[in-house]
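Every chain is named by a letter (A, B and C) in the order it is written, and numbering of its residues begins at 1.
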């Protein structure tokens, strides 16, 4: 028995497929179009940084909290990033209260890898006392409304929040406040694989039609910094390379929005 | 724009009348006073006071025509999702297509869509469905559209006027389920027009002149089709 | 709390310049979430909360369903970034208690018997917290329930009264909550523009019986003003053509 499913989304699965066969998406977008993206930063004053991103009706808020802590033994000269995602029940009829499930964990880890592997945050500048005290950067992703593609909304919100984060050195009496050093703009692009079709920025109807997707994150130089194939399906090489090229292109477009943050 | 002059919006707990005899649907009585039960439009006449809901989940009533999706097949019938907190159950005896030689899942299987009627509801809200009515059938083609169940009366229209409009002007078959699911079948582009019209009705349900606007809309879009 | 002498009332005014019976600025926006059946975003001072209602809907697991009435669930949750020192995600004891008393306030006014064997879920997320987040959440929850079309006897409006420097003040902010002598959160059941009864009551600190009576009257006056804003926010949503308007009141 399905848990709190949306019967209408369920029924529309065939309709989504039918439209795709006609070369159309149900909301009229091109296969590689994003819905409208809005980014608002600095909404949570108590956080060191914050951003609310909406992609279509999907809304995610990310808050950045920082505090001093011990460095990892093998990297005494680097700060630490910790990323967590809460897919709270408020955001969807299918989210239940409780500890993060595998989707929540996957989302947090993919967003984290994009930021970490692109070295977007210069962790070497987050040392207070080498070997003893470094800055811990908590990236907390809080889903508010799941209308598809929480992944890209979360990753945009994370980097937008980081871009507007101030390190609270004064509060912890370790110096003067300074802006968090962000030197790259990783952008993720999620493509839903529905049968033989690949659509960028899936809306909820499309996510319901197929659980299979692939997320590719690139940095400002178009290098690939994170990839996640999600779902039990087999993907051909040609399809993968097509998706990769589209993802690089779309990431470049979305990166322009970040430049205005 | 909602016309508030004739139908003001009321909130739960607003006092509507002090005569319990006029209490209609959407109201409750306490200490001889009639209050609004939920958010809605107040419809007040000399003889009755009722609140028309703006939102709310579908709660089945006996006699309702509903569209549902089969979720489970059992030995004596099918469990059907009717877009409600309550599931429906269709006994094998209530499906005219069932024959002694057939097994339940030969007739209806999981994910099949049916048009059925609510036959009985017991005090524990166990809902029994029937397909023994000429409106009822398994739906194997066409499109299902989902809307806020509170807007269904508007999609039907006064004395079925909206449905009649779609049938005559666009030649489609249409069945409107009380539970917010609507089945439409016909030429694909005409079904698209019906779908768009339904979404307009859903968002403008309680405004004036809606019937005229929809008639105009249908006429215009049909004209565009023929122009192609 | 209050190890050092902090003066909370200076020259007859509170630290943030408010009069004793002034509410903090309140903003409300109804229907802000697409997936939820009803929703409300609310700001009360620096509190920023969002409430969502789902239901009536099926209860899972089934054995938790009640054969004669709907089961109400209320989950108060604070986002990790909502407070100065990051809070670990997940419910802590404080959240569990707040969820319980808030749920009970709502259970008292929702017509549960209309929906046997079903569930009505209220989820409230605190995105930023600043004293009185539980009252802000309950106000948002009440509006979200109305927005979802859930049948109720009336509405709930909530506000706290604190005693600071021997003076009673309405809608305490953080310093007043931390260093004050008492903190009393209230929630009232309001029907037809009148406060009928108390739906939630807690207390922390010490007051005399007479002080409590004064606090109650002050809270009632404050709650009525909040109720007016809740009504306005809801009606505004359905009056405007396009998006919901923000109902901003000082």
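Definition applied: a contact is a pair of C-beta atoms (placed from the backbone, for glycine too) under 8 Å apart; a residue touches a chain by one contact, two chains touch by 3 or more.
These numbers come from a predicted model, not from an experiment.
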| request: Have a look at A-C versus A-B and report the one with more C-beta pairs in contact. | output: A-C
| field | Taking each chain's C-alpha mean as its centre, the one farthest from chain C | value | B
| message | Counting only Cα atoms for the centres, state how far chain B is from chain C in Å. | response | 35
| Inter-centroid spacing, chain B versus chain A (mean Cα positions, whole Å) | 39
| message | Quick check: how many Å separate the C-alpha centres of chain A and chain C? | response | 31
| message | Counting only residues that touch at least two other chains, what does the list for chain A look like? | response | none
| What positions in chain C touch 2 or more of the other chains? | 57-58
| remark: Residue set of chain C touching chain A in the complex reads 32-36, 46, 48, 50-52, 54, 57-58, 60, 75, 77, 79-86, 89-91, 121, 123-125, 127-130
| note | As the complex stands, chain B meets chain C at residues 1-2, 4, 9, 11-15, 28, 30, 35, 37-40, 53-57, 59, 85-87, 123-125, 150
| task | Name, in rising order, each residue of chain C that touches chain B in their complex. | result | 37-38, 55-58, 67, 111, 114-119, 146-155, 190-192, 231, 234-235, 238-239, 241
| query | Across the complex, what residues on chain A touch chain C? | reply | 3-4, 43-47, 50, 57, 59, 61, 63-65, 67, 84, 86, 88-93, 96-97, 99-100, 138, 140, 142, 144-147, 204
| note | Touching chain A in the complex, chain B uses residues 69, 71-72, 81, 83, 113, 143-144, 146, 181
